[in-house]
Every structure is written in structure tokens, then in C-alpha cells.
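Below you'll find a set of structures to go through.
What follows is chain A paired twice: with chain B in the first complex and chain C in the second.
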Partner chain A sequence: MDTIFTQLGWLVPLFPLAAFLILTAMGRGNRTLAAWIGTLASLGSFALSVLIWTERLGSDALDYSDGFRWLSAGPLQLTLGFEITNLTSLMLLVVTAVSVLVNLYSAGYMKDDERATVFFGYVALFAFSMLGLVLADNLLGLYVFWELVGVCSFLLVGFWYTKPSARAAAKKAFIVTRIGDAGLLLGIILLYWQMPSHTLDFASIQNVFQGQGGAIEAGMTTLIALLIFVGAAGKSGQFPLHVWLPDAMEGPTPISALIHAATMVAAGVFLIARTFDIFEASQAAMDTVAYIGGFTAIFAATIAVAQQDMKRILAYSTVSQLGYMMMALGLGSLTGGIFHLVTHAFFKALLFLGAGSVIHAVHTQDIRQMGGIWRRMRVTSVTFGIGALALSGIPPFSGFWSKDAILHTAFQEKPLLFALGLAAAFLTAFYMSRLFFSVFTGKARGNLGHVKESPWTMTLPLAVLTVPAVLSGLIETPWNNTLGHWLSGGTETTHTGGGLVMVASAAVGVLGIYIGWLAYAKGTINRETITARVPGLVRLLGEGYYVDRLYNAVFVQGVRGIGRVFAIIDDHIVGGAVRLVGGAALLLGRGGTRLHNGQVQTYGLITLFGLLVLLVSIAGRGWW
Partner chain B sequence: MLASYLTLAAILFCVGLYGVLAKRNTVVVLLSIELMLNAANVNLVAFSKYGVVPSLSGHMFALFSIAVGAAEAAVGIAILIMLYRARGTVNVDDYDELRG
Partner chain C sequence: MLEELPILSLITFSPLLGLLVLLFLPKQRSRWLKITAIAATFIPLALSLWLYADYSSRSPEDAAAYGESVTWVDVALNKETVGDVASYSFKLAYQMDIDGVSLPLMLLTTIVAAMAALASVHIKKRWKAFYFWFLLLEVGMLGVFMARDLFLFFIFFELTLVPMFFLIGIWGFFGREKAASRFLIYNGLGSAIMLVAFLLLTVTAGFHQVETGSGEGVRLEYSGSYEVLQESFSNPDSYINQGAPESGGDTAMTTAQNPFYLSEAMRWTIFLLLLIAFGIKLPIAPFHTWMLRVHAEAPPSIVMIHSGVLLKMGAYGLMRFGLFLFPAQAGEAAVAIAVLGAVNVLYGAILAMVQKDLKLVLAYSSISHMGIVLLGLASLNEIGLEGAVVQMVSHGLISALLFLIVGSLQERTDTTELAQLGGLARSMPFMSGVLLAAGMASLGLPGLSGFIGEFLSLLGLFDTQPVIVAVAVLGVVLAAVYVLRAVLAITYGPMPEKFAALRDARLVEAVPMIVLLAMIVLVGIYPSILTDPMAHGFDALIHMLPGGEAS
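Up next, the complex of A and B:
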């Protein structure tokens, strides 16, 4: 097969980079033009990604990589390059597709923001970094871009930096992910040290770890895999590093869709998929990933049930779905994880953009003040509903198929995780129906007289996203393992279909929606009596199991306490010593000044005294 | 005899030293300096007459010293007069331009 476009893969991130440079040069200039520059650049990347992807559709496409020597210091050889595999081409497609739509959407959403040009610049920089991350052919290159997307996330979460909460959220996002990044860096260094040829490119990693030659001992493999997983958990919001993601919703909503739902948070999943051979070589690491993922899935889903902020519900839902992906990877189903990543990227971006459309019109994020928006925002309501159905795992929407792939693997491998996943699926359907019915149906609970449908730049992306949200599930069904075959080069043949799992997952989805409908639309279930019976539980869930409070009390206050102790030491002991030296010199000088009083007679007296001392000491030296 | 002369010289020297260190009037200080100078001269003459090896060099030295002392007193008084004209005082305590 022809590989012209594949060889040009390095061009994909350069479109947004160029856009970023142009937009930065524009300062706060023409906002409409800025939106078009951002959209066109991402469209260019998208077009090229599609061309690359079509080249790889044949089953015989070989991985292509190219690069140059970046640093060479003695035995240390570092290269920088890009690699196109089936996995990366798929990620390119997802990232650029969402990026195009988010840029277009932002043209409407950010129209009235006077820093919109800066915003599009940041988005372009993010797209560049994310595409670089996807394309990187070695772990070090990936790490560089990994940090870059972290910076972009920081900049965009704190985009409205005049709000104290946005500043705090940006800092929190950056610091918490940094904790993960430190683990990843340690993992990379350890891997570099342990690799027989001291290389970090993915092809070599695959060779070493698939070889089963015992080139790297088992304990070390587990350690490396776990350190990489720490990085992935930080980025992908896995327990216990999930706390930054809900707070990151302080950023503009298109950013929540692009970075904190579809692309960047999936980078952790992508990283594990990219280094999957290391994980497969260590059963302990795989189990850790699976259990942490499964726990996060159910943990975040329960929190999402009790949230009142529209975006926070979706944020916890994202954490939960990322947990699903991790669980799939931990269970050895690379296909399941990546499949859910792809479908989730589309329907969660759709949900966030829909939420943004609602927030843009209603000017509040509290679902208790919404209601009845259906009558005023038809396009948003319908598309959001489709996204919610996809997330809830209702057949034939995409989320059903990807969730089914994961649950099926869990059913075969670890029944406990299957039960957790099923419970999380039920909760997902429940909180999505709660969200949907609270916001779009019923009576308006706030002042919604001014609400009207968003402009076409915002509704068009919603409409476009419904297509993959509905259909992208069909690339991997129990009867048709296209994606699995394609991703694994024809070796992976799991997910052969299990009627029981499908029925169960569809049933819990429908059940969750039905209960949500009873409670929040029909009102048969009186939710006040239920919440009044367990106020502690509601508060526990609403506060996210007090994880934030705990971290604040233990880590933030702890570090502050240590800082205070060191400040006292610095102030009194170190500073005291410095002040002592200075003070002594000053006192000495003062004394000298007092002696030097200009009185000749005093000088004379002192001279006389000195002479006497001298005489006495000379005369008396015989006695000692 | 030598002891008496030396005692006289010592008394003169101490009186002069006391004057130099304790008197506030600059003229008296200058006078006291002359006293100390003359105490030394008395010593020179006494040693020249009653010393271990009597000779005339002590006398000559004393004469030289008196001549130099006279010149010194003249210069000192001249400086003091200029100083008095400039500052309007002869109090030693007021001459403290070199105070640190």
C-alpha cells in the first residue's frame, strides 16, 4: 500500500503549531479571524489524519517511523521522531476530529470574550502538543509533549484567571498531575537504565518485553510498569489522583470537552496502550491497573450521582469512564480500552459541548435551577440526549458496544470487576437520566425567559458529533472484530460475543434510566424522602467521599506545617546567624567610632595607658 | 645626687603629662609639653654630669633640644593663634574635626 501521507505524518502537529505562532503574534487582535485560523489549522490536521488513516486501513500496513538524532552525549543517544501505527493513526483521527469541532464550537462560545484570540492560541498549542504526544516514537519524546499538554491544561483551566476558583483549579490540576508525572519520569529513567540497548523507542520496548528472554527481571518490570501507571493515573484522573479533574471544570466548557474529556485525559490510557508490552510482562502491574480502574469507575460514578453542578457530573462521569478504560487495559483487552477511549471521546465531547450550549444560554451550571430547556433548545436537547444514551450504554449507541467489550472481558477474567463494572454502568445510566430529566424536561425552576438556542457554530459540532456517538460503536461488535483485528495486527480475537453480558449491560442501562425517569421526570419516587432518610450518605457523595478535604488536611496542611517549621528555622536560626555576624561587625564599628572622637587628649591618655601596659608587661615578664 | 635630679625630672614630666592630658586650655597644654621637654633636658644634663661615663655630649644634646623646643613652641603658638582666629576658641575639646 502507498505510504505517501504516512511519511508526511510529522506535518500533522505542525498545522496547529503554525496557528499557535500566528495567533500569539496577533496578541488580542481580530477575534473572528482567530477563530477561523484555529479551525482551519485543525481542519488541515484532520484532513491529513484522515488520509493517513485510509492508508492504514489495509491489514498489511507496516508501522512507519522516522526521526533524527536529538542529543548525543557519549553513550547517551536520544532521538526525536514520529511513528505511525494503527493505534496512533486512530488517535490522530480522534484528536483532530474533536479538535476541529471544538474550535468551531468555541468560535460561538468564546465570541464575547475579549481574550478569545489568546484562547484559540492556547487551543492550537494544546492540539500541537497532543498530536506530538500521539506521534512520538519514543518515551522521552512522549514525555516532553506529555508535559506540554499539562501546561496547556493549566493555561486553559486558569483561562479566566480573574476568578480565584479558576486560579486554584489550574494550580491544583498542574500540581496533582505533576505528582503523576514524577512517577512517569522515574519510570522512564528506570526503563532507560534497564533496557539492554539503552533506548526508549516503542519498537525496542516491544521487542525487549515481548521476547520473554528475561532481559529485564520480573520485579523491575513490575516497578517500571507501576511507575508508568502512576503517570497515567495522574493524567487520566484515576483514584487517588482524580481530584484535579472535577475542579478543572473551571475552565471554559469547550476546553472541558477537548482536554478534560476527549483527548488529554485519555493520554494516560493511550500511554498504557503504547507501552502495553511492559504491562503484559507483569501480571501484578496488570492487576493493579485493572483494580484501580474498576474501583475508580464505581467510585466516581457514585460521586456523580450526588453532584449538582452540570459540568461536575460530567467530570466525575469522565473519571468513571476512564476507570473503565483502565480496567479494560488491566484485564488485557487493549482493544476494549482503546475502543472505549474512541467512543467516549466522541460522546463525552458531545455531552460537554451540549452542556456548554446550555450553560451559555442559561448562565448557570446548577441543575436545580434548570429544567424545561427542551422547549427552548431543541437541537441541544436532542443531541445531548443521544450523547446521554450513548454514555448510558443503551444499544445500539456507541457506548453500549465499547462497554460491552470491556464487561465481556471482565466477565471472562475477573467476575468481581464485572460486578463493579455493571454497577458503575447502572449508576452511569442513573445519573445521566437524572441530569437529562432535571435539565431538559419538567418545569423551569430558574428564570429562563432569555434562553434561546445557541448559534450554528455551536449546534453544528453537536449535530456532527452525534454521528460518531451513534455509529462509532459498530467498528467493533460481537459479530465483527474489525477494530481488534486492526489494532493488534490480526492476532487478538477476544470479544466473541456473549449474550448474557449484552443483555445484562443493556438491562442495567435501561433500569438506571427508568429509575432516573421515575425520580426526576415522573416523580413517582419521592427523592426528598429518600435523601432525608440518608442525609449522611448524600453529603458523603456530594463531597466526593471527602477526598479533597482529606488531601487538604493531610497533604496541603501537612506541607504547609512543614513549611512553617522551616520558615521559623530559616528566620531564627539561619537568619539569626546572619544577623549575628552583621550585628557584631556593626557593634565593633560603633565602638571604634566612639574611640575615634577627635579629642587629642583622649588619644594621648590611651597611648599612655598602652605604654604603661607595655612597660608593666615587659617588667613583669620575669614572673611568668 | 643623680637620684634627686631624676626625681625632679620625673615630677616635672608627670606634671607636664597631667597638663597635656587634663588641661582644657590649649595654651596650657603647649606649656605642659614644654615642661615635659624640659624634664627630658634635666635628665640629659644630669646623666652628662653624674652618669656612668660623664661627657659633654649630654649638654650639647640638651642645648639642641632647647633650640628645637623653642622652634617647636614658636610654630605651635603660631598654629594656635591661627586656630584661635579661625575657631574663636582655645578649648581643646572643641578641636575635634577628626572625630569618627
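Up next, the complex of A and C:
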């Protein structure tokens, strides 16, 4: 098998890096040119990623890695390098594909923004960092890029920086994910000392943890895995660190599609997949991942039902779908997790870009002020509908197959999680049909006279994304284990739970859409009477179970309170002691001045005192 | 050719050249005075870069070629009256040397000093006196990192105090005089303690027998030489290691109690004295209050030097004299030092979160970051110690950059109160961008220098103190909180109307910003540039540690 392009894998992130440097040097210059630079650079990365991927299609493709010495301190020798495996080549493909389309889309979406050049610069920096994260051959290298994507996310969420809400959201996104990152950093440090060879590259990690050779004791393995999971949970918006993701919707919508739906938020899933051997070595860690994931899936889905902001619905939906992926990994199905990651990347990017197209046209995100958009935006409506069907898990769209793969595993491993997953699938279909019918059908509720279809730069990416949103599920079906065999080297199969699971999962999807249709399009079900009967529940869900308020009261105010107490201590007790010492010195000085009174007797007394001190210290010599 | 020159002395004293020129310039010619002084700081910068290039191109085996040693004070002590036959003398040497620890810090000093000289264009009065003290200060700082004799070190150390006192007291802000006197009292106290420790060291570990030709009789010497001290501590036959009377070995000592013997208790006393003396400078909480005032009241370009270099002298002294001379004590005190470090990290970070003034946010963040240096030192392994040095250099660069921006900011807005600022990214995109980048470096973003120091320090310490590291990692989160809170309050959000007309950085401001940021990025993406010269720098220490051979 040829590996020419594989060996050039390090070039993939360098296209966007070059673009970033050029765009930064341009300042706020030529905005059209900036869009082309961004798009072309991502196209370059995409082309190379496709070439690399084709080299790996054969069953005999070996993992390839290369790097250079980066950091050495005593026994610590770390390299910065890249590694191409089937998993990383697949991720490269997904990231670069979405990246190309989002760049193209942004050319239209950001056309009138005076800082569009800066925007494309940040997007290019993000693409570089994300590709670096995917390619990294060791855990510390991954961590470096892991933090960099976090910063890019921060910069882009706060892109419209004069808005106080954007500032707050950017800050929150960074700090909440940093809590997870601190856990990950600790996990990396612990892993370094636990590894017999004191290395951090994935190949060695695999060797040590794979056959469970007992090189590392069980408790330590669990601890390492859990610390890594803390990092993954922060990035991938898992409960209880999910709070930043809905707020991150303050950023421009193409960013929500690229970073907060398709790529960066999936990095947590990718991280666990990359260190899967550590997790597989600890059942406790696996269970934690599975239950947190399952809980997040249903938890976020219920919140999504009660949101009024188009982007926040999709954001909670993302949290929920990431929960599915985590659940799959926790249940031991690497293929299920990655499969859903891939399909979700496409259809959720499609949904966000579609939402952006709508928002771009109607200038509001509140679904209560939309309606009837179908008549004015045909392309957007159709493509959004396809995305919604894929997310709702309707066969034969891609989301059905990947969600089904996860439900099959859950059905066989943990019935409770199967039930949760099925309930979340129902809710997913319901909130998506609520969203779709509220926005696109019925009467226009706001003033939509000015609304017209978006330019081709925006609709073309939508059209292109429908292809994988429909078809990408076919790479792994009950009759075709291509993806599972390719990822796991021919051992893992999915969709093993029998036909009943498939029927159930399709049925709840259809049911969810049907109820949504009844309530939001046909009007058979009267929403007002239902919501009026349970106002508390509506508010509870609308407020996301008050998690934000709780955190604010406990952590934000708590830390602030501790800070104030410390400030008082610092000022009065520490500073007071200092002033006391200063005062004492002053007194001593004054006293000393008084002693210089010209009386020989006083001097004699002082001399005597000095002699005493000397004698005592000589006597004290014995102690020394 | 470099080793034929007294390169270390040239670097140390080259700022005096500019000082000499300054003296002949009329004091109202501010432009000429500024240009001269700035040029004067570029000489040691160029020389130190040359030295760095030469040093790192050599193998570690022949790196010792730069040392200089000249006898400075050599007093014969007449002890014949007490019936002693040997000849005694007291010797102080002008001894300079460089190694993997000194070199990065010396480079840091020359870079920060040159950038601070550029940043001093904001100084509005008495330029001649200002630059006079400024250049003298640089001599002191450079000397500290290269001196290899206790008293030479002490003199250079003191040489930084006096100029700082005047620089704060004359050119500072409203509370400058109080800040200056607080600075002097505290540091004077630290110096006094240090002097006591040094004297104790000289009369015990510094006492040694000099090799003489045959027939000359025994020559004994009190010396402050670092080499002699190290030799005495590591040689089991030296006087300080000869225990009580019964075990005395030397002929002159058999009958009397060996007065040079360093008991456990005495070693601990000296070690603790050094810890306090350098702890004040570092500063270790609760000895930090003096530096808050300096941060707030001194002119920003002087804070660049203060926060960038002067605080590092504390950490450097602790490492060179505390850890390297007393490895056994350091080993036993490692837990305590690590705890102090963690306290510094968290205490500084929590207080930085509630400050209302940018300068105080940065002051407390310095406390937090110097805590990481302590953590690295407490590790007592190569990873952590290199981390501590990288952290010193990194924090030096970052805080210099931050205070450079503070200076330019205050020049324009007349305030550093967070509540009064906002939205400056609109009128000053370049400076806001640099501020954000510096903030990111400060909170330890990978790819920038702060991460390397932090990671290595934590990684090193984790081997022996995992729990303390786990606690200190909280500082990573808190750093994000206080940095973003301060930086975003200034650059993001709505902009007050009065700031609409502010102009972005001028060339003379932009150049040092770019240089410092470039250094931060360079260390961040290619840390070997710092760690490679450091390799082997700690070998001697590691071998002296109990159980240190293992790694």
C-alpha cells in the first residue's frame, strides 16, 4: 500500500495555519479576498485528507506516525508529531469537509461584517488547531491543541465583543471547559508517572493498557480514565459541565455549526476513542461514561423541548446527541460512538447552517416570531427538513442508522440506558418537529415581508450537506459492517439487537414527529391548555433545570465571597501585621534615638546589654 | 574567541558605558538622554545573545570556560597570638560564572531591561536621574545572576535596592513615597537576614585549607566563594562535616571542639534564614504586601523590571544557595515548600479575582505564578527544577509585557480601574490583541511560554507530592477566571464615549510589545531553546539529594 500522502499528513493543518498568518497580517483588509483565502486553505486540507483516506481504505493500512523532539527536561522526552490511523483519517475527513462548507457559507453570512477578515483568520486558526488535535500522536500534543481549539471557540463566541452577552458567553465557555481541562491535565500528569516507560504517545498507551497486562493497578487506571473523562465532558458539554454550550450560541451561526456542533464539541468523544484502551481497562470508568452520557442525552433533550430560541434548541440537541456518543463509548461500542459523531457532524452542521440562513433573513432567533418561512426560502426549508429527519432518526436518513447502532448496544448491555435512549429519541423527534413546523409552516407571526432566500454561497453548502446527511448512515447498517470492521480491525459489529430495536427506534421517531405535527402544524393538540396546566414544569425546563442559577449561586458567588473574605484577611490581618512590625521598627528607632543622649552611663548600659546577648549566644552555641 | 574576553563582566558593566555618556549630557535634553539610555541597554542585550549562542553551541563538558575570578579582598588574620601555627586569611573574590540556571535569567534581564528602557518614554521628568538609576539597576540585576561569591552577590543584590528605592519614590504615582519606603524596609530586612546567613556560611563552610607548594606551611582561608562552599558541603572530610571533638580529623583540630562544624541544627538555621530572606523577595505569602504597593505605585516601566526580573532574584537565590547548598534540608522541607507554593498559587489567584484595579490583578497574579516556581523547586527533580526556571523566565516575559501595556494604557486613559474601562478593542485593536495574548500566556495557554513552566513544574512535583499538585491545579482554572475577567473588562463590552479617540500603539510601544510576545511564543512552541542549555544544570544537585541517584 502506498503511503505517500499519509507521510504528508503533517501538511493538513498547515494550510489553515498559513491562511491564519496571512489573514492576521491583512488586519481588517479586503474581506472578499479573506473569504477566498479561508475557503481555499480549507479546500487544500480537505483534498489532502481525501487522498490520505483513500490510502487507508485497504485492509492492510498500517498506522503511520512521525514527529520531532519538542520538549526535553531530564528524563522527560516529548515529541510533537502526527499519527495517521483509520480513526484519525476519518476525523480529518469530517473536520475538513465541514470546514470547507462553513468557510464558503461564511463568505455570504459574514459579508457585511467589518471584521470579516478577522473572522476568517480565527476560523483558520481553529481549523489548524482542530486538525492538530486530531493528528497528535501523543496525549500532551493533543492537550496543546485541545486548549487552542478552546481559545478559538472563545474568540469566536465573543466575536461580537461589544455585546455584553457575547462577552459573558465567551468567558463562560472558556472557564467551564477549563475546569474539564484541569482534570485532563492532571490525568495526563498521572498517566505520565504511571506509564512504565514514562511516555505519553498513543501507541505506547495502547500497548500498556490493551491486554490489561497489570502494569498499572486497577484503581489508578480508573482514576486516569475518569480524569480524562472530566476533560472530555467539559469539551463535549456533558452534564454537569454542559452549561457553556447553549450560551456559546452568542457566536456567529457558522461557528455554531463548525465548532459547537460538528467538530470541537465532538473532540471529547474523539479523546475517549483515542484513549479507548484505558477506558476498556476499567469497568467503573466505562460505566461512568455510559451513565453520564445517557443521562445527558435525556436531560438535554427535555430542556430542548421548552426553548424558544432556534439556536438554543439546536444547542441542547447537540448536548443530547453528544450524550448518545458518550453512552455508546461507555457501553464499549467505539464504532457506535464514532459513527454517530460522523453522521451528527453532517446533519447538525446542516441544521445550524440552515438556522443561520433563516436568522440571516428574518433577524430574530425566536421561533415564536417566525412561521411560514417555507414560502420564501425553499432551499433552506427543504434542506433543513432533511437535516431534521436525519436528527429525528427516521429511516433511511443517516441519523437513524447511527442512533440505532447505539440503541442496539444499550439494549444488550444496559436496559435502563436503552430506555433512556429511546425516550430521548422520542423527545428529539418531537422538539425537531416543533422547531420545523413553528419556523417553516403556518402563518407568519412576525413581519417577514423582507425575507428572501440566502445567496448561493450559503445555499450551496446546505445542498451539499444534505448528501451525507442522507447517505452517510449507509456505511454501517445491520447488513453492512464496513465502518465497524474498518475502525476496529475487523472485530466489532453493531446493530446486533435484532429487528425489534430497529422498529422501536423508528417508531418513536415517527411518533415524536406526529405529535409535534398535531401540536404545532395541525393544531389538534392545544398547546396552551397543556402548558397552562403545568407552568412549573415549563419554567423548569425553560430554565434548564435551574442549573445555571444554581452554579451562579454556589460557585460564582461562592468563589467571589471567598475572594472578598481573603481580601479582608489580606488587607487587615496580613497587612495589619506588617503595619505592626513597621510601627514597632519605628518605635525602636525612636527609642534608639533617645538612647543617644550623650550620657556615658546609658552607653555603658547598652554595652553591658550587648555583652549579655553575646554571652548568651555563645552559651547557645551548644545547641547549634 | 568569546572565552578570551571577560564576557561576563562586559555584560554586567556595559550599562555603565551609557551611564557615563549620560553624565555628560545636559539634563533637559530628554531626547538625547532617552536615546543614549536605550542604546546602552542594547549593548548587554547583544552581548548576552552572543553568549547564549556560544554557550548553546558547546557541549556541556567545556561550558565552564567563561568563569572569571580575581582576588578582591585578601586580609591576613593574625592568629599566632592564640598559638596557632598556620597562616590564616580572609578572602573575598570577584568571581563570576554562568551556568544553565544563570544564563536564561541573564538573558531575561537584558531583554526586559531593553524593553523597559523603551517603555520609559512615558517618563515625564528628570530623565537624566531616571536613566542613571535605571542603568545602575541593570548592573545590579545582571551581577546577581552571575556572581559566584557570597559577598559579591550581596553587593549586587543591594545595588538593585537603592536605584529601585529612588525609581519608585521619585517617578511613581500618588502613593509613591510610602511604597518606596515599604519596599526598602522589607527588602532591607530580607537583606539583613541574608547577610547573617552568608556570614555564618563564610565562617563555617567557607573555611578551607588552600593547596600550597611544599615548605610553605599550612594556609587556611575564610572564603565566600560559591565553589568553596559547594566543595565543603560535598566533601565528607571538610571541616563542616567533621562532627564533635571525638571525630575530629585534622591535626589542628583534634583537641579543641571543631568551631567550623555545621550541626544539623545550624544547617537548618541557615537554610531557614535563606528561605525567609529570599522568600520576602519572591514573595512568599504572607511576605507579599510590599510588592503590591510597588506594582501599584511604581512607574509601569519600572514594574516591568520589578515583576519581570527582581522577583526572580528571590527564586534564584533560593535555588542557588538554599537548594544547591542544603539538598538534605531542602529534601526534608520539600513538603513545606510545596505547601507554601500551593498557598501562593491559590491565595494569589483568589485575590486576583476580586481586585478592582488592573495593576493589583497583575500583582496578585504574580504571587500566584511565583507559587508555581516554588512548586517546581519543591519537586527537587530535574523536570520540576527546569520547570521552575522556565516559569521564572516565562513569568518575567509575560509580566513585562503586561506592564508594558499597562503603561501605554494608563498614559491614554489615566486610569487602570477595571470599572472605568471597556470596549478598548474598538479604538485600540492592536494593543487589545496583545493584551489578550499576554493574558492567554499568563493563564497558561499551550503554545505560549506560561504553559511550559507550569506543566513542567506540576509534572515534576507530582512524582513526590501528587495531592499538592492536584490542589494547585485548581489555580489553572482560577487563572482563567481572573485573567479573562480583567482582560475582557478592558477590551470587550461597550466602549465609554471618551475612549473613542484613543490612538493605538505607536511604533516605540509596538516594537517592545512584538518583541516580548515573540519571545513568549518562541518559548511556547520551541521550549528546547530554554531547556537545552539547562540540561545537566541540575546534575550536581540531583546527585546530592537523598535517593537522587535513582533518576
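Methods note: the second predicted complex is superposed on the first by the 570 of 624 C-alpha atoms of A that agree within 3 Å, B and C clash if a C-alpha of one lies under 4 Å from a C-alpha of the other, contacts with A are read in each partner's own complex, and residues count from 1 in each chain.
In the analysis below, a contact is a pair of C-beta atoms (placed from the backbone, for glycine too) under 8 Å apart; a residue touches a chain by one contact, two chains touch by 3 or more.
Since the structure is predicted, the reported quantities are computational estimates derived from the model, not experimental observations.
The larger set of touched chain A residues comes from C, when the choice is between chain B and chain C. Legend: residue contacts after superposition of the two complexes on their common chain; A:A47 is shown touching neither chain B nor chain C. With both structures placed on the common chain, the touch criterion links A:A284 to neither chain B nor chain C. Shared-chain residue A:T162: touches chain C; no touch with chain B. With both structures placed on the common chain, the touch criterion links A:L608 to chain B but leaves chain C unconnected.
Once chain A of one complex is fitted onto chain A of the other, the partner contacts of A:L460 are absent, as it touches neither chain B nor chain C. By the touch criterion stated above, A:V151 is placed in contact with chain C alone, chain B being left untouched.
According to the touch criterion, chain A has no shared surface contacted by chain B in one complex and chain C in the other. By the touch criterion stated above, chain A contacts chain C in their complex at residues 28, 69-76, 140, 143-145, 147-148, 151, 158, 161-162, 164, 166-167, 170-171, 174-175, 178-179, 181-182, 185-186, 189-190, 192-193, 559-560, 562-564, 566-567, 570, 574-575, 577-578, 582, 585, 623-624. By the touch criterion stated above, chain A contacts chain B in their complex at residues 592-601, 604-605, 608.
For chain B in complex with chain A, the touching residues are 17, 20-22, 29, 92-93, 95-100. Only residues 182, 185, 263, 265-266, 269, 285-286, 288-290, 347, 350-351, 353-354, 381-383, 386-387, 423, 425-426, 429, 440, 445-447, 451-452, 455-456, 458-460, 462-463, 466, 469-470, 473-474, 476-478, 480-481, 484-485, 488, 491-495, 526-528, 531-532, 534-535, 538, 551 of chain C touch chain A when the two sit together in their complex.
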